[in-house]
Amino acid sequence: MEKPLKILHASLNNRVIVELRNGIEYQGTLDGYDVPHMNLILKNADEMINTEKTTKHTTVIVRGDNIIYISP
Amino acid sequence: MEKPLKILHASLNNRVIVELRNGIEYQGTLDGYDVPHMNLILKNADEMINTEKTTKHTTVIVRGDNIIYISP
Amino acid sequence: MEKPLKILHASLNNRVIVELRNGIEYQGTLDGYDVPHMNLILKNADEMINTEKTTKHTTVIVRGDNIIYISP
Amino acid sequence: MEKPLKILHASLNNRVIVELRNGIEYQGTLDGYDVPHMNLILKNADEMINTEKTTKHTTVIVRGDNIIYISP
Amino acid sequence: MEKPLKILHASLNNRVIVELRNGIEYQGTLDGYDVPHMNLILKNADEMINTEKTTKHTTVIVRGDNIIYISP
Amino acid sequence: MEKPLKILHASLNNRVIVELRNGIEYQGTLDGYDVPHMNLILKNADEMINTEKTTKHTTVIVRGDNIIYISP
Amino acid sequence: MEKPLKILHASLNNRVIVELRNGIEYQGTLDGYDVPHMNLILKNADEMINTEKTTKHTTVIVRGDNIIYISP
């Protein structure tokens, strides 16, 4: 397994920060992902716009092609 | 089946929120999807722009490549 | 056949609304489509910009990769 | 042959309107196309910006991935 | 060979106009191309912005995915 | 191994500058990458906007398709 | 080998100008490239914004999908 996937896998069940292209950020618990799209499942995810919480999602499927970075 | 698809599958016949790249949001009942495009069928879907309902669709096919997230 | 295609297929010869990424909307009779691009043929299609009719097309081939949603 | 290609093929040697993503429109005689890119050859094509003719091309190769619609 | 490539091939060693997505236009001698990317080699190419010459390139490799049209 | 990957590989465990399409820059230690996506793992990465440090990430997975350049 | 790659190959160890989609230009010595992505390695590369030098990179990996043209 290549390094980026290994790090992603090691982050399962941990809190991660996910930054999207449209400036939105999620802070949630990584519950799953797929390969090679890097679609993510986040649990208890706060949606942040300009560092302000706007919504809370119990579960959210984030499409990988909108992601800039994932920070475990 | 990988986790994101499993969550999507488990959401069939439930209300979901779908956020698109152009800022439009749909709230509707997930009636179907395809793989790997993640095109969705929503039933009784409200189209929201800036949290205001603009249109109601009995049925709508949403192309997957416009989707940012799906929140069951 | 997966659900989104089944719905599209069932919409043949019916009026559909097609919303494109550039804000243009078509209202026309679905005369055909292809897979997997989802290019569409619409007949007697009104082209709408901000809910105003601008042009009428007897026949129009709409490329699938510009489509946000199709509402039967 | 699927419907969109059949319509495109039937438009050979006829005048078509081609709308591009950047707002430019061509009105010309369809002289050829390729599959699956939908690159087009137009003859005696008027280039229109905001419904005004700007240039005339004896022959022009239009790349398919810029096309929004083709209206025969 | 499909029509668009045939026209491109017939334009070798002739002057062509190449319009790019960012509004830049090149006028140069077509010295080569590749398939399927449609990357081009232009010789003695004038780079035009708003119909004004800005730079002259002895040789330039233009990536195909930026091209809107090629006019022989 | 082709030259760009060779240089990337030789940069493992060294500080690199990574410029993204949205104007954000990372300065961090290259801890891994994958092929062909060029997703990167950076350690102790400073996130810079207009040459100002905004955040520090202990670990960050940067998706390759947002990258403009990597400077070892 | 097709013409664009032949020209790129012949430019190895020579100074080239590389124009990117975001308006940034690099002037550097072409040290390598890969196929089919056209990722480039430049050595002693000046980064220019509006014809002004902003940074100098000893080595830089430029992702091919941001490139508009390469001028040897």
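We just call them A, B, C, D, E, F and G in the order they show up, numbering each chain from 1.
Please note the rule applied: contacts are C-beta pairs under 8 Å (C-beta built on N, C-alpha and C of every residue); 3 or more make two chains touch, one makes a residue touch a chain.
In this text, all values refer to a predicted model and were calculated from it rather than measured experimentally.
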item	value
For chain G, the least number of touch steps when starting out from chain F	1
Joint neighbours of chain G and chain D, given as chain labels	E
Whole-Å gap separating chain A and chain C, where each centre is the average of the chain's CA atoms	33
Distance between chain centroids, defined by C-alpha means - chain A, chain E (Å)	41
Averaged-CA centre spacing for the pair chain C and chain B, given as whole angstrom	18
Shared interface positions of chain C, touching two or more other chains	65
Traversal of the chain ring from chain A via chain F	A, F, G, E, D, C, B
Chain D to chain C touching residues, read off their complex	2-8, 21, 36, 38, 64-65, 67-72
Residue ranges of chain F touching chain A (in the complex, touch as defined)	20, 22, 24, 31-35, 37, 39-41, 57-63, 65-66
